[in-house]
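Paired with subunit B in one complex and with subunit C in the other, subunit A is shared by the two complexes that follow.
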Partner chain A sequence: MTLPETSQMVAGRSKGARARGRAAVVARFLVVIVTTYLGLLAVTFFIGRVIPIDPVLAVLGDRAPAHVVERVREEMGLNLPLYQQFFRYLGDALQGNFGTSVLTTNPVMTDIRRVLPATVELATLGTLIGSLIGVPLGVLAAVKRGSLIDQAVRIIGLIGYSVPIFWLALLSLLLFYAQLRWVAFPGRIDVVYEYTFTPKTGLFLLDSLWQRQWDVFRDVFRHIILPASLLGYVSLAYISRMTRNFMLNELSQEYIVAARAKGLSETRIIWFHALRNAAVPLVTVIALSYASLLEGSVLTETVFAWPGIGLYITNSLQNADMNAVLGGTIVIGSIFIAINILSDILYRTLDPRTRAR
Partner chain B sequence: MSPLLTVEDLRVSFPTRTGLVEAVRGVTFSLGRERLGIVGESGSGKSQTGRAIMGLTPPHARITAKTLNFDGIDLLKASPRQRRDLRGNRVAMILQDPKYSLNPVMTIGRQIVETLRTHRKIGSSEAKERAIAMLEAVQIRDAARVFDLHPHEVSGGMGQRAMIAMMLIAEPELLIADEPTSALDVTVQLDVLAILDKLVSERGMGLIFVSHDLRLVSSFCDRVIVMYAGRIVEEIAAADLRNARHPYTQGLLSCMPDIGNDRHPLPVLDRKPEWAL
Partner chain C sequence: MTAVPSVPMSRRDWLLSDRPQSRTQARLGRAYMTWRRFSANRLALVGLGILMLLILMAIFAGVLSPHSPVSGNLAGARLLPPGSPGYLLGTDEQGRDILSRLLHGSRLTLFVIILVAVIAAPTGLIVGAVAGYAGGWVDAVLMRITDIFLAFPKLVLALALVAALGPGIENAVLAIAVTSWPPYARIARAETMTVRNADYIAAVRLMGASPLRIVLLHVMPMCLSSLIVRITLDMAGVILTAAGLGFLGLGAQPPLPEWGAMIASGRRFILDQWWVATMPGIAILLVSLAFNLLGDGLRDALDPREAGQ
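After this line comes the complex of A and B, so read on.
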């Protein structure tokens, strides 16, 4: 009566089919990237045309003679039909040419190259702090559900997303800078080093490390640690909450009972079996939180005088510097697209069920 | 020879907001290297009996017994560490549905190797060899390939074979099978049962077969315990099942369909409250 199974019972596929599946996935990614990016450009173009700011006036001021205004309007292509303007805009944007900032008189791209690394550095460190502490806290809260630890994590989280960040930022400056002198004055780097230190990538921590300028590294660290910890705290609040939920869900699954029946230790069951499964949705959560920090947290950047992209765009907006605003928006939109794709790829790597379907 | 497992007056209860819910209320039986079937309807306590023996009852549950003894080890006095060393090693359990009881993000092979390496000091290449041999023992052809597959890539029947391999690789003396075929197609059920049958006889294991399928249990086991509302209402040799005395067992038996007999109306199972006392 013992029937050996037939090979059709294995729902496996040949190598060729797998490769084709992978190619289809890549193709789908490309379509998504192109359409999303076109949509992003269309929206920013549209915004640039409907706001009541005349780009010509913004460049010339309102006292320029009429024939100059007319000439500049033609130079800028604003006399062309709208669809032609859009294609020009598209071509420029794809080459990274977003025009000149009225405020700084630099090409917008030059400005962004300066401010973006500051935000990237801050957001990355913040996300690292947030996930390296938030994930273990969430796991502990789930495992010790209803215990004191769980309540403590809940309260830490509650404070994290209900207290305004600028208030936390000001208080922490008061404590750690003004009182305890543990951290440095707001800003990215001490004035002393601003002329001796020539950053390559614009990520000061990495640059100083790479150039072995230890005093610079220490100074940069003393500047970044407080704002990064604050951003980390806010993302920790969210990440620990989500980790707890995902873990509770995983720990109630039957494969956990099976793992216990195998005689595995609780440590292995929690941190290997359950967390490895919870990591699948967690990747998206962390990626989204990272993306929202990359957007530039204006309030934090303002309080800490951090020359990041959030501050740059806000300043430009207040000064009707539309080229800078639209350029910055496109860059942030591109980052969002990139992070989404990255998290999608990571999701596929972590979950074998989604691979090459 | 002393029995492998002695259970005397086992009680499992769960404190809830409305009071204590008793899932198992004084179950007594002993088991040698034989096959014992436990049948009963949902909520009769048959699964909780098995989980209490494994030590897999949720932590808030209360377990008491006059005796709960596995091969000379008092399970109630054993430390969590001792009980963990028994699980998967000397006492193992097969769960109902391989779709949920295998870790979806680990390959089948790694999950089998994991059981072995938890309990034996063994190198990874040797562990792999033994896992593949075990997969062959549960009659998976092309075992080396299945070793690297993830649970979602195999059928339910093959998943349950992998489950059996995972639980038997450390050569336990007692196996608790909790509805091991209920989630499978009828045609696959027989294959899986046959594999289980063969391995249990070859290795001389004791088997507790928990099921709601009376016919399956009677054909597969030596002895049958019928549970109702947390108690044993009847214990009978599988061959004598036709002569069951308890009205609940008779009721269960008469509910079974029979080819060639017109059975209209099908009898309704009688549940007298005094049986639950």
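After this line comes the complex of A and C, so read on.
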């Protein structure tokens, strides 16, 4: 909770004061959004324009004649004072104009539009796997506190927190691809289907399902399941631990005692009453873990040759393609910030205690 | 004044005395209690043990290593499996002993951890303590900056920074430190807010202490225990990020035996020579796990408020 003062201000006042209080909350949210985005753009501007050797050299190479270098410098606005450059950069970035990728020669935004759905699909499936397994595991661990199950969930979680994901990815490829042949070769889709299958949304699982291309669906599934499970494992570690904490907190509340006294079955108490209240902070946790998977897919995508934004960024990094790297950073950063703020708003909407009474 | 009991006390009783005769006795007594709470947690002791081992490995890497970590036997010892005579964990594609490389790599791991902690923790501590103690617009501005950094995707930002600064282990450290100070600032601020209006601070102020002195000597020490817990837990993530940067070729450069970079070079042989990439991964996992275990144990021992959760 970042704004306790305002929500307390809202409580117990007249209608007009309450509306003003609500306006203050909205205003503060706007300030948060605007300053955070400005901060993101300022940092990327700093990284892209202030630190590197020479942006012109990065575009032209060091053998370009002097007058060309001068012309490009003027075109890029590098002869202007730094603050004017920043405003230009702001204007461009807000319009989604991150310049041209040196590597692909496309506008960076076009590239990102092409690769982003792959990452979204991967991270979404990962979060689904993580929450569908992590939440029940966390509930079980809390209910059977101190038992073998609790210990097991704790250890599974600890390893999930501690394992280098790219290493686990390599080992799982060795096992599930090379040895067992359960999953497909790294990549997103088999070459066979690459030309026969025309995706609409870019989310291949949904697209193939929509077009009833079952063999494509099967192939896409065999490609996505391993990286998604790995990401799912990482988010499971976080989600199960937080679920356990929230549930322990709920189970010690008085309404649970009251429910027991009323004679409700333990199953009902746990899965309906306690979990329902624990679900409010859990939504935030799941949203945050989704955001971190979008980011964390960078390393996983590299190992699985998954053509998403993570692989795009790392490929650009290795080719000193700064426009692409910064564009990717801004896009991931924007999504990350948006999810952060959305989850905060969601938390306020779902939890009546943060609202006016 | 009550008479000091004349019965000889055991060392334990002396430590646990509820009427310590000196500051040192009181401090030692508290430390003893903390240690008792901490050492009751077996997993935390395991974590501590692994980290001690890591430090010993780093100190004695030169003595313990059977071979050179950077130059191998290209002619006769390429890609030997673990258990080969003279090469306990096998060799890599350049005939270098993996065990020797892991031993020397522990130095790089420690280097990263220590530097990140030394840069990020004081930064966060100062920002948070100043914000919390000063309040008003100073607090608002500092915390807004902290929150902005907190809202960034850490790994991607670190990647972009290293891309601009150029690959290398020092730049990797810098990039990780820049992205990891904000949580410390928040913790330090929260702790500062709780002690700011305490009576002892008012007493110090009445005695004429300057704000700088109050923040440095009377506020910051109160933030330390929560901060230490958080730093310990964060180090697990720092190791993973550093290894990730190394894996992408942005961290330590060859031929340095950085564990993440070792996994990257073993990646090409993963199908036939699995050990080249597997061994350094186990090392990373163990050290990261150790920090997580130690951090959990420290939290229970130092911060009884949160224990039991």
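One rule holds for everything that comes next: the second predicted complex is superposed on the first by the 320 of 357 C-alpha atoms of A that agree within 3 Å, B and C clash if a C-alpha of one lies under 4 Å from a C-alpha of the other, contacts with A are read in each partner's own complex, and residues count from 1 in each chain.
The criterion applied here is as follows: a residue touches a chain if its C-beta (ideal position, glycine included) is under 8 Å from a C-beta of that chain, and two chains touch if they have at least 3 such contacts.
What you see is a predicted model; the values in this text were computed from it and never measured.
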{"item": "Which of subunit B and subunit C A:A261 touches, first, second, both or neither", "value": "first"}
{"item": "First (subunit B), second (subunit C), both or neither touched by A:Q253", "value": "first"}
{"item": "Partner chain in contact with A:P81 - subunit B first, subunit C second, else both or neither", "value": "neither"}
{"item": "Subunit B versus subunit C as contact partner of A:G146, first or second or both or neither", "value": "neither"}
{"item": "First (subunit B), second (subunit C), both or neither touched by A:H273", "value": "first"}
{"item": "Comparing the two partners subunit B and subunit C, which touches a greater set of residues in subunit A", "value": "C"}
{"item": "Residues of subunit A that lie at the interface with subunit B and also at the interface with subunit C", "value": "2"}
{"item": "Of all residues in subunit C, those that touch subunit A in their complex", "value": "144-145, 147-149, 151-157, 159-161, 163-165, 236, 240, 243-244, 247-250, 260, 263, 267, 270-271, 274, 277-278, 280-281, 284-285, 288-289, 291-293, 309"}
{"item": "Parts of subunit B lying in touch with subunit A, wherever the complex brings them together", "value": "54, 56, 84-89, 92-93, 95-97, 100-106, 114-115, 118-119, 139-142, 145-146, 149-150, 152-155, 157-158, 161, 163, 166-167, 190-191, 194-195, 198"}
{"item": "Parts of subunit A lying in touch with subunit C, wherever the complex brings them together", "value": "2, 32, 35-36, 39-40, 43-44, 47-48, 51-52, 158-159, 161-168, 170-171, 173-174, 178, 245, 248-249, 291-292, 294-296, 298-299, 302-303, 313-314, 317-318, 320, 322, 325-326, 328-329, 332-333, 336-337, 340"}
{"item": "Contacting residues of subunit A [partner subunit B, same complex]", "value": "1-5, 7, 9-12, 253-255, 257-265, 273, 276-277, 280, 350-353"}
